[in-house]
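Chain naming follows the written order as A, B, C and D, and within any one chain the residues start at number 1.
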Amino acid sequence: MDPILYNKIISVGVYGSAIGLILIGLYAVLVKKHLTKIVIGLSIIDAGVHLLFIAVGFIKGGTAPIFSEKGIELVNQGTAMVDPVPQALVLTAIVIGFGVTAVALSLVIRLYRHHHTARIDHIKSLKW
Amino acid sequence: MVISPVHYIALPLLAAFLMPLLAKVNRELVRIIPGVVLTYLLFVSVVLMQRVTETGQPIIETLAGWQAPWGINLVFSQFTGFLVSLMVFMATLIWIFSYRFKKVDNEPALKYYILFMMLVTGSVGVVLTGDIFNMFVFMEITAIASYSLTSFYRDRDGAEAGFKYLLIGSLASTFMLLAILLLYTQVGTLNMAMIAERMHTVPVGMKVTILILFLTGLGIEAEMFPLNGWAPDAYSQAPSPVGATFAALVVKAGVYSLIRVIFTLFDIQGAYQYLIIMGIITLIIAEFAAMKQTNLKRMLAYSSIGQMGFVLIAFGIGTKEAVFGALFLMFNHAIIKSLLFMSGSFFVYNSTSKDIKGLSGIGKKFPYMGFLFSIGAFAIVGLPPFSGFWSKLYILIAAADESMLALVAIILLVSIVEIVYYFRVVAKLYFGKPTDKEVVHKPTFGGYFSMTVLAVVILLVGFYPDIITGFIHRAADTLLDKGAYISNVLSVGH
Amino acid sequence: MNNIVLIILILLAGGVLSFLLNQIKPLLSGVTAFVATVAAAVLFFTGTGTADNFDFVLGGMHLSMGINGYSWIFGALILGFSSLVLLYSISYMKGRDRLGYFYLNFMLSIMAMMGIIFSRDFISLFIFWEIMTWSSFLIVVYQGLSEGRVGIKYMIFSAVGGYSMLLAIVFMKAQMGTVLISDLVSHFSGFAIQQQTMVGILLLITFGVKAAVMPLHVWAPRAYSDSPMSYTSVFSGLLSKMGIFGMGIVLISVFANSSTFGTNTFYISNVLAWLGAITGVMATFYAVIQTDAKKLLAYSSIGQLGYIVMGLAVGTKLSVMAALFLAVVHTIFKGTLFLVVGAVERQTGTTDMTKLGALIRKMPWTFLAALISIIALAGIPPLAGFVGKWMFYESLIVSDHYFLVIMAFLSSTAAFLYCYRFLFGIFLGQEEKEFENVKEAPATMVIPMVLMAALLFVFGVFPGLLFDPIAKGMEVLGMGTVDWSMTVLSNGWGDHVDTMSIISAIGTIFILAFIYLALWNRKRTRYVTTKDIHTSGEIPTENENLTYAVDFYKPFERAIEPVMKRTMDFYYNHLGEGLESFFNFLRRFYTGNGQTYALYVIVFLVILILFSKQIFL
Amino acid sequence: MKRAFILLLLVVVGWVLADTFSQINFGESRMGDIKQQETVGAYYLNNTVEKLSVANVVTAIVVNYRGFDTLGEVTVLFLAASGLASILYRRKKRGEHDVMILKNSSQLLQTGAKLIFPAILVLGAYVFIHGHLTPGGGFQGGAIIASGFLLMFMAYKDYHVSHNVLTWVESVAGILFVSVGIWGLISGATFLENVLGTGTLNDLISGGVIPLIYIAVGFKVAAELTGVLETLLNFKTEK
């Protein structure tokens, strides 16, 4: 297959799936009424964003940024390793996402306990 | 160990990790330690502010031994230093206020102090850091602490407010993450000074997209108009000291980040007009919504949003005088709104309901508390001789200097609305018919102390603003001098 | 220390001290306030001159305080009058709760007023102006009447006024770089005509609110009547005069440099003169139909202030002199009348004229004070009110304002109606059983009233005592030198009205009548009660009402009904309701559904994206 | 109607994201010339081995270059655990019994879990101890360990981890992390600075404080994730 076309397909696939995840998550957040589904939506958005991080850091033909004797050589030649920074950032982002999800779930439990419903449009005692 | 800005972060974290262990030794320690830490940080602020004022140069602390832009650094300039000192000062007072605020001794009551301290640390970190991703991390610390504290009370509305806050806050962090990612792909660095330096290389379309993502994400933190649905709920459901903290620290951190992005990172002129327009809309809608509130804390929340709109307008004008006015207003808002939340909380506790109607005549039971609330109300609407007057005056003068008289007129008209709803409460407090409910909750000594300090500051600054204007002038100059920021941060170690 | 600063500090300290002393003994509170004000007054009258300047820098702005001939008139009035009122207050307020609060705000008002007249720049003027506003607001709501609604209305109008001044100030600061009043006067001719109009109107709105000029007056009647009477006398006597004080500066000093002044008066002045006239007429009509003495006096105040504004706005030497003379005299007689009503209220517990009656025998000294003040108010010689009115009419006629004269005559005639009603309703008429045991007010209340009544007499006979400072003040305002003499009123047409001849004529008649009634005719007089009559042979029973305090001026009311149908209040209330429902509609934006808020965020994002070019580039 | 509107909004958002990312070529290096060190990525690739003797550059970034972030991240976890405890706290009403929400799991799962659990723990420990040499690190290792506990929770309905122990572990680990940072300050360098000798590349004991921090992080993450699971699982619903 034509390498340029191949590259395009891959990029459309990677970016497309990541952006698709974000949109699916947003859809869940904006449309689904169940609290748990909304939290799942938030997690999906997070996943999409994290995927974008990794995708952006990828360099064609690059290896993982872990040095062995061979790796040092490769670096000396030029661009043989993927960008390590997005990987480090995404690690942090994932952990933060986990923390937020945990708090969100606990709030869902609380809300269900108090309101005996998990529909977000039924929980609006605070308004105006 | 030399006193340095990292103390603001390291010590509270150390204390936070220690506190669960200390709770096993003595529960009282958990209450006391945040106070000790914050008092020490207040001392740090004094020392560092003195140093910065003397040299006129910012203190730039590299972390982990890596200079900017390779590592993360903390920037304690006259601008960030001013905000940080203000935050720490407020946090200390709020701690004093909330010390034994309610006589409960269960597990969450202890968690409260940890969460509160982290809320402070997160806000301070947002202001201090010189790295955009680190700012995001601190924002998330602040956010998670806020979510938990919002739903701290075990009534049903607390969880609702917390969930709304979390929902919107998560979207904010998503947009901010995306913006940071795109920024990184364009400039290859996360250091804000370096980003600012390289911003001109970014294609315009990409730049605008990144800015929009930032504005949406940070606008949520800064309570900008259509993004602030969470704010009234969170303010009104959180425990009162936390409401004060939101007004005094958290939203300040949000506004700071917005301002830092627009003033330092980007060089797009349209963003300033955008600030003015959004500020006006925020101000108008929030003040109008506050007018019809029946719940005191919710009214204070809307008023807080309105004030933030005012701050954004002032920053949007963008001249030196306007920025000065905006910073002055941030200072005033922190002090005054905290006082209002603190004194208001006692009224709410001791009235029949959370409604303003229930406050009728309660000032007769708490004459001193009513006095403090009135000072706060007079100050926040900008009546002389209280401190709020000066900030309003400076912003209006700055607007008039740019011949934006229509803007001045709008602000003043909205101020009339503000006067109406605050004075309605004041009139009700003193002169409504008192309800015959007995006093269930007397302020603690600490409560009296911190409120009195705030009132004294309001009066002092009101009578003689020059005790504070020097700091604010220098802070405004520092914020506007983008070139100096870049060269100061990047020249460390070179 | 500088005398000006000292006066302000004494008043402030007096307020704080009386607030604190109230905790020990409530009586001390009033005494402290009184002593502090007297001390300030002594300092003011003995040692304060034009040399006492006080320049300072606050918040990066050059501010200045000082005193000149014009502000001296008002300063003397404020301190002299409030000393007497505070003396009155000691007894009047006795036994009420939260006296410390009352006196603190009272003293703050006095301090603020002194600050206003001392101010030589707009920033300090504004600061003191707002202090005056909120301290008076706190007193308006002090008695807890009408759920504070009156206070809120007062505050809204004051805020409109205060903020229009602030708008003018920031405009001036941007245009001229300074905020000194003298700089505005000298720079005013440099402004474009639109700017002149804007600054003029804004400042006049500020002062017009306090002076209760026509469309801005609706707060006044209730605010006056809701305050404790001892404060109302200050409210109507002094606080409103601050509006007059400011208008004097704007209308005379500032507008003298307006673009159109050379040919005619600045057109705003003409508008204002008419507003003043309408205020005078309408307020008088309203005063006539009131049944509550407080409200009657409140409307009467508004009407009188309308005259004064008219006089200032017409702007000739004579009319300004008349206006300032009336301003001083109005303070004295209207203040006295409010004190009288306060005394009546304290002794009987009501101010409703349909219930009161025949207090003349119970409270003779109060009646005397009321009588003299009413005569002064009605403008009958030989009291001071006559002097003012005479000059006022004369000035209007001389300057060819014939329609204004007609208006003034109309309201002044109508004023006789309420003057009579006031006297009759309270002091004359049928004796009511429930007021049998009413006693005269205590001496500390009577002395200030009688003293002020005596003052009215003195100024009526020797108006020159007042002409002297007023002439000096007008010179400061830039009207040139003004001629005056001790007893002869100014002569626009070339005729003389000598108060000495009037007083000798009236005095002679009075003495003759006194001799006739008291000495010669003494044997034939006897005291009769209202019931001591026979109507068609029937003896009236105890409960029958023979005097007509109810529906007193029914025919008159019917005559003026078309004019009165829609009060200004009606329109303001509608505006307020409309706004409130609009606010209520707006806040539905916050639906309470978290998902909707999330939707807002996305919509906002999309809007920004779609219009990014328009917004950011 | 509303749904269609939302879909329209999402189309716009998706279109903008796609448009934006189409400008960022996939697989292209944006680090510039690695030797020029114009970007932070290039700098890290160039200097990690030389200055830190750490094989895993991501670890070097996470723990050292951007160690401050990691401290914040650990704090976020800590806060989430604290917040959870505070949010879900509920005073037990009198006479209230624990309501089981888990059914008994199958014998297969129980036995399997028992068998695998130690291995999972060891794997987790391996991952975080070798964080500076191989892919993985404190977070990954901690998560693996927590997953082991999750397995146990699922297998045994009355399996409990002592809160006391968890508190101790997470506190001590957190204190260790901050102390390492402060150690740098006290020894006259900067906060979190690598004050130990770096050793040689690819040795287990190399990279100075990096493995130390990552071990602390591993323990802390493991304890916190387990704590979160424990809190959520032992939460009692009302009937």
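Keep this in mind: a contact is a pair of C-beta atoms (placed from the backbone, for glycine too) under 8 Å apart; a residue touches a chain by one contact, two chains touch by 3 or more.
Quick caveat, the model's predicted, so the values are computed rather than measured.
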Most centrally placed chain - per-chain CA mean versus overall CA mean: B
Chain pair showing more contacts of the two, A-D and A-B: A-D
For chain A paired with chain D, centre-to-centre distance based on mean C-alpha positions, whole Å: 16
Chain centre separation in whole Å, for chain D relative to chain B (CA means): 30
Centre-of-Cα separation between chain D and chain C, whole angstrom: 74
Where chain C touches two or more other chains at once, by residue number: 587, 590, 594-595, 598-599, 602-603, 605, 609
In chain D, residues with contacts to at least two other chains: 6, 9-10, 13, 16-17, 24, 30-31, 40-41, 44, 65-66, 69, 72-73, 76, 79-80, 83-84, 87
For chain B, residues contacting two or more additional chains: 133, 137, 140, 144, 147-148, 151, 159-160, 162-164, 167, 171, 178, 185, 190, 209, 232, 289, 292
Chain B to chain D touching residues, read off their complex: 1, 4, 6, 9-10, 13-14, 16-18, 20-21, 24, 61-66, 69-72, 106-108, 111-112, 114-115, 118, 121, 125, 129, 131, 133-134, 137-138, 140-141, 144-145, 147-148, 151-152, 154, 159, 162, 178, 182, 185, 187-191, 203, 205-206, 209
Chain A-touching residues of chain D, taken from the complex the two chains share: 3, 6-7, 9-10, 13-14, 17-18, 21-22, 24-31, 33-34, 40-41, 44-46, 48-49, 55-58, 61-62, 65-66, 69-70, 72-73, 76-77, 79-81, 83-84, 87-88, 133-135, 137, 139, 201-202, 221, 225, 228, 231-232, 235, 237-238
Interfacial residue positions of chain D with respect to chain C in the complex: 6, 9-10, 12-13, 16
Chain A - residues contacting chain C, complex: 26, 29-30, 33, 38, 120-121, 123-128
Complex contact set, residues of chain B against chain A: 133, 137, 140, 143-144, 147-148, 151, 155-157, 159-164, 166-167, 169-171, 173-174, 177-178, 180-181, 184-185, 190, 232-233, 236-237, 289, 292-293
